[in-house]
Every structure is written in structure tokens, then in C-alpha cells.
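Note that chain A is present in both complexes that follow, paired respectively with chain B and with chain C.
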Partner chain A sequence: MIGPLIPMGVIPETWNNVIALLLGVGFGFALEASGFSSSRKIMGTFFGYDFVVLRVFFTAAITAMTGIFYFDYMGWMDMSMLYINPYYVMSAIIGGIIMGFGFALGGFCPGTSFTGIAIGKIDAMVFSGGLFIGVFIFSELYPLFQGLYNSGNMGAAKIYDLLGMRETVFAFLLIVAAVGMFYGAAFVEKKVKKVEY
Partner chain B sequence: MNKRYMLLAGIIIALGVGILFMPAKDTAKQTQPELLLAAIDDPSRFLSTDDITDRLVKKDPALMLIDVRYESQFKAFSIPGAINIPADSLLSASAQEILNQKEMDKVFYSNADVTSDQTWIICKRMGLQRIYVMQGGVNKWFNTIVKAEKPAETAPTEAMDLYQFRVAACQHFFGSPEMAAAPKVVEKQKVTVVKKTSGAASGGGC
Partner chain C sequence: MEKMKRDGTFYINPYLGGVLLGLVLFGTYYITGRGLGASGAVKSSVVSAVHTVAPVHAEENKYYSKFLSDDASPMSNWLVFEVIGVIVGGFLSGTLYGRLKFKVEHSPKITGKTRLIAALAGGILFGVGSQFARGCTSGAALSGMAVLSASGIITMMAIFGSAYLFSWIFKKLWI
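Moving on, here comes the complex of A and B:
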């Protein structure tokens, strides 16, 4: 877990893996319960018959964001203590394209492929096998990719800083954009022929 | 459109409007008081005069010895190889450029420990890395290196070795202790600053 509870010593370090396991089990259960173990779910986003992936990701993002803002405002947590992944521009773009192809071709993301394996789906097993092959190739050829992998580091970049916006204004606009997107997605879903699965 | 969706969308937008009215945060980057206290408690920032002298003699390229006394004091006497950043000009842009060189070990010294340690705390609070204090300051340096006391004949070998080292270091810097004792004008050294972009934060992620 990245924190801030463990680095601050609220939860002892030894509980790290236990909490990770429990969160992972819960995450996998939620994925399977909402039908993500079927590759047709993710493909729905590309073919326009099911936008649940888009809704899940944006709901998670705006819910967590709203929670963080209010918790910070109440003084329950310190937003500045949160760990932010460093942003590598080039590797983010290229990695995003590769991962997008993987999504569209395989119909899984790494997490959903494991839930697929858990319920015995053969396509999920093949997908995960490919995942490990990809990891192996990347690791073996790392010296070749190293320059690209580490290029364009912008540190813990924040989009509202780059836009020169107040963070609260950006949060509000993101919520409005997400709700607008949900509405648009529902509109498209209605137009496109329903796929049963 | 489903009524439940409309309700949820309404709630999240209302919460978003609430966020809009939150006061602007003070985003100044400063060390947390708890972390600062822990860092002040930790004596590892203190480096001994002998250790610094050894690195000076060996011309350690990563060592940046910084005299935080007034310029007049610095000119009257300073440790060879030191640069002068008076404590009161610590926040000036030029001083910041010098201090922000991440690959250098910045070692502060003053007459004794007080000013250098205060400088250290301020720099720590600004989030600077690799900062140290030369314990005892220039007084101790002068008394141990320049006026090195010869140990008794019965002293252990280590004490004799240390004495030999101090005498040799003094000769390296000044030729003889008498020359060092005479105040002289030290020309201010020019420091070329290599600007570096901020390094990557520690790894992690999902």
C-alpha cells in the first residue's frame, strides 16, 4: 500500500501484505460480480454496446477525488502526503498505445484476465500467458528500451498545475465532464444494437 | 434515463459545487514538523573536522564546504577550499542555485556550531538533500589541524597517526602553522553552477 497510513506509522509495516491481499480479493470479487471476467464487457467500449468500463473508471476517479477533497477539508487526511506516480511523457504515450492494442485484441485488462482465470476461462489464461511473455521480453531487452523508458520525466506532475488552474475548479470541471460522458455513453448505448452475453 | 442515475449524478455534481467553494490551500512545500524534529534529533549530520580535512586533502569533488559566517570573517580566515554564503543571504537566488546541486555534499561551518546548525535546519526545512554540519566549526578546525597538539610519548599508535595526519594536512594547506596563523585575504572563489532538472521520485505504483 502506498500510504499515507503505513508511512505515517498508523498501520504497522508488517500488515502491508495482508492488507494488499484483502484489497486484492475484494477487487477481484467486485470485478467478477460486475461481469468483468467476460472479455465482451471490455470489448463493448470499443464497439459501443456497453460503456460500463468507462463508467467504472470515471466513477472511481471522481468518487475518490471528491472523497480526498472533503477528507482534506475536514482535516482527516493530508492531501500533500499522498504519493503521486512520476509522469514519464514518452513512455506513457507509447505504453498507452501498446496497452490499448492489448485491450482491443485480447478483451481483457491484466486485472480482469486474472478474474477470468479464477472462473476457468481459457481465453483469459492465454491472455495472461501473453502478459508474462511480454514481461519477459521487456525485461530481457530492457537495456534497449531503457532510454525511452526513462525519457521525459516530469516528476509528480499535476494536470491543474500544467493548466494553471485552481485544483478545486479542475475537480468541478472533471465531475461535470464525467457526468456529461455518462450521459453521452447512455445515448450511444441506446442507438447501438444490444449484444447479449 | 434511469432515475437512480439522475439522483447519483445530481449528488456528485452538488459535491463538486461544494469543492468549488473550498478555500485555496497553502501549497508551500515544507518539511513536516514531525519529520523535521526527527531529523534534528539525528546526529548523523555532524561530520568531524578530521573527516572534512581528509576529504579536502584528497580533493573530493563531491564536497562543497560552505562558510556561513559574515564575509568579513570569511576574508579574515577561512578553511582553504570553502565558499562563503553568509547565513543572512541564505535565501538569495544565487545561494539557492549553489545549494540546489543535488550531487554535492554541502557541509556548513561557522565559528562554532550555532550558526551552521541553524543554517542546516533552514535548509532541511526547504527540503535540501545531502547537507551536513562540520562539528566544532572553524575554531575546532584551527585548534586541531593548524595547532595540532603532539600526543604524549605513551599515547596509542592511533593518536600518533592522527597527529601525523593533522600536521601533514596543515602543511598541505599552508606550508607551516605559522603561515596559517597570520590573517590573510582569501579571494572569493567563483562557483559555476550546473543546473539540473529535478530527479525522479522513488518508484511505486499500482
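Moving on, here comes the complex of A and C:
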């Protein structure tokens, strides 16, 4: 079966929501079991006392990336059919900075806050409530942000094209960088005073 | 398997967690052709709520109207079902490892009230930022990285760089 299965018509669209639910269960389980339902565990990455976020995030990214490249190489999946978020330069950077600010205050990101809710974290519930307010504010003030939001559209740009690299070279360097960070994280964790949480 | 404690202190090995998450993400791309997400479900809910309360306003607003179509309600969005799954999956894991408990988790240096105010502010900012970036840590950064999209890598660096800087400014909230 050549993927992606739903766009290729292998699995009918009617199964879409059931599949969404099942994949979501896997996503939520992996996040919670790794400790992402705790804001203080998440924030450990920024203070150096617990690098769980860095480890899980980059391991997940390179695992999925490797799988996609491998399946594409073997002809089991057509990578060109995968959805690529369009790159709007300024909007992506400013959005990322605002989210980082929110991360430092809230200690969660949207996905992790949902797993916090699942185990009864009241701070996660309040954070998620804030998400709705934030999206509402953005939508209502959209005329003000419209120019920025739509500026600098580079379409479905790939990072290796922007850097003028072959995709496999970039993928390899990303894996090397991730492994380097894992060693760095272990080194820093030993030096930093433990925080009880 | 390591000996498992059910007092809430046990977490799986982070590299195992990363591989699991990576396989779920890979599976999502293989089956649906798109990545995972989280903030998109919030957006769908907000669009749907505003459209129900004030249909004319939603249709006239250039942002909501992008996500309104005649044939499907925005709530029937894929990500809404996925997020329901995330909560179920988190609940299963929390049950398995003994972490189900209503509480406000905060640093001993701040009160629960301060924590909740900061969490609310953080959520609002994350909500705004995720619209600018067309996705959050899941949909833009993680899913984008798996397909080496420019937006994914740039958004990831902006989120973590900014979070690193601001977390030291607001250090008192955490340690």
C-alpha cells in the first residue's frame, strides 16, 4: 500500500475521524508518559535541570523524518504528496517569538496542556482557556495583523533548498546535531543543581 | 522493562518516548498525508463558536471566513478528533502511572494564584502566536521538522529561542 493512504484513496475518507482519534490517543499517551503533563518538568529544559523536552522532541522529529525518507526511498510513500505548511517569513518568526513568551509564562504548549488537563492539572486547564481567548483576540483583530500575516509568502519551502543543500545531507546533519545536543544535555544536567518538583 | 512505580513518579525513558511520538507522527503522515496538531483544534472550536453565536460577524470577518465552508462544520475538523484522542491517551497514561489528581502545580516560590494568572497569560500569548505561525509546537514545529519544511524549522527555533530568553526573565515562576 503506497502512502499517504487517505490522499491516495486506499482508505476511504469516512475513516478519517476514527483514525484521528486513534492517532491522538498515541500522541497523548506518548506525551503524558514522557512527563509533558507537568509544566515544571517541561521548563527544566530551559534551566538545565531536566532536558526531557529536548530529548523527546528531537528524537521524535528525527524518527519521523527518517521513516518518511526511508519509505519514500523504498517507494512505499510519495513524500511529495505530504502537506507542507507554507512559509511566511515574518509571520512565522513573530508567531514563534510570541509563543516562546507564552511558553515561559505558561509552562505548556497547546498539546502538552491537553495532557495536563487529562490528569487533572488545573493550571493546564487555565492555560488551555487562555488559548481560546488568544485565538479569539487574534481573529477579532485580524484586520490589524493581516498585512504581517500574509507578507513574505515563500510557499511550501523546504529548509535544505533555502540553504542550498541536498535533502539527505541536511537530514544527516540534523541527526548529528540532535545526538550532539543529547550529549550536551547530559553534561549540563550533571552540573546543574537538582530541582524538586 | 524497568520496574514501574504507580505513585506518579515514573516516566518512560525520554528516548523511548521520543521514538513512540516519532512513530505516531510518522504514522500520521503515512496514513493522512499531514502531521499532528493541537492549536488547530482550538481554532476550529473558536471559529465554530463564533459562527454559532454571531453567524454574520463570522462570515464577514476575513479570518473566520477562511475556515468556514458550506458543506462541513469547522468542528468536524480532523484535529478536533485528534485532540479528543490526546486527552484520552493522556488519561490512559496518567491512570497507568498513577498521576490522576486535581492540582495546581507551581514553584514553592509563588502562590497557586500567581501560577494560574501566569498560565492564563501564557495561554493567551500561545493562542495569538500560533495563529501568526500557522501552527504551534505540534503542528508547525514538530510536524514541520519531520518533513524538513522551512516554516517548521524556523518556527521551532523562534519558539525555543524566545522561550529560553523569557524563561530566565521569569525565572521566579519556575525555580
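Note that the second predicted complex is superposed on the first by the 194 of 197 C-alpha atoms of A that agree within 3 Å, B and C clash if a C-alpha of one lies under 4 Å from a C-alpha of the other, contacts with A are read in each partner's own complex, and residues count from 1 in each chain.
Everything that follows uses one rule, which is that contacts are C-beta pairs under 8 Å (C-beta built on N, C-alpha and C of every residue); 3 or more make two chains touch, one makes a residue touch a chain.
This is a predicted model, so every value here is computed, not measured.
Peer 1: Which partner does A:Ile11 reach: the first (chain B), the second (chain C), both, or neither?
Peer 2: Touch status of A:Ile11: second partner only.
Peer 1: Contact-wise, after the overlay, does A:Tyr183 reach chain B, chain C, both or neither (first, second, both, neither)?
Peer 2: Once the two structures are laid over each other on A, A:Tyr183 reaches chain B alone.
Peer 1: Name the contact category of A:Ile62: first (chain B only), second (chain C only), both, or neither.
Peer 2: both
Peer 1: State whether A:Tyr87 touches chain B only (first), chain C only (second), both chains, or neither.
Peer 2: A:Tyr87 contacts chain C only, not chain B.
Peer 1: In the overlay, answer first, second, both or neither for which of chain B and chain C A:Arg166 touches.
Peer 2: Touch partner of A:Arg166: chain B, not chain C.
Peer 1: In the superposed arrangement, which partner chain does A:Ala33 touch: chain B (first), chain C (second), both, or neither?
Peer 2: second
Peer 1: Applying the document's definition of touch, where does A:Ala156 land relative to chain B and chain C: first, second, both, or neither?
Peer 2: After superposing on A, A:Ala156 lies in contact with both chain B and chain C.
Peer 1: A:Phe101 in the overlay: touching chain B, chain C, both, or neither? Say first, second, both or neither.
Peer 2: In the superposition, A:Phe101 touches chain C alone.
Peer 1: Tell me which partner touches more residues of chain A in the superposed arrangement, chain B or chain C.
Peer 2: Partner touching more chain A residues in the overlay: C.
Peer 1: In the overlaid three-chain picture, which partner chain does A:Ser128 touch, first (chain B) or second (chain C), both, or neither?
Peer 2: A:Ser128 sits against chain C, while chain B stays out of touch.
Peer 1: So which positions on chain A get touched by both chain B and chain C?
Peer 2: Chain A residues touching both partners: 62-63, 79, 81, 83-86, 156, 167, 171, 182.
Peer 1: Where on chain C is chain A touching in the complex?
Peer 2: For chain C paired with chain A, touching residues are 11-12, 14-15, 17-36, 38-39, 42-43, 45-47, 50, 61-64, 76, 78-94, 96-97, 99-107, 115-116, 118-171, 173-175.
Peer 1: Under the stated contact criterion, what part of chain A meets chain B in this complex?
Peer 2: The touching residues are 2, 62-63, 66, 69-70, 72-73, 79-81, 83-86, 150, 153, 155-156, 166-169, 171-172, 175-176, 178-179, 182-183, 186.
Peer 1: Quick one: which bits of chain B touch chain A in the complex? Just the residue numbers, please.
Peer 2: Touch residues, chain B against chain A: 1, 5, 9, 12-13, 15-22, 24-25, 27, 32, 197-198, 200-201, 204-205.
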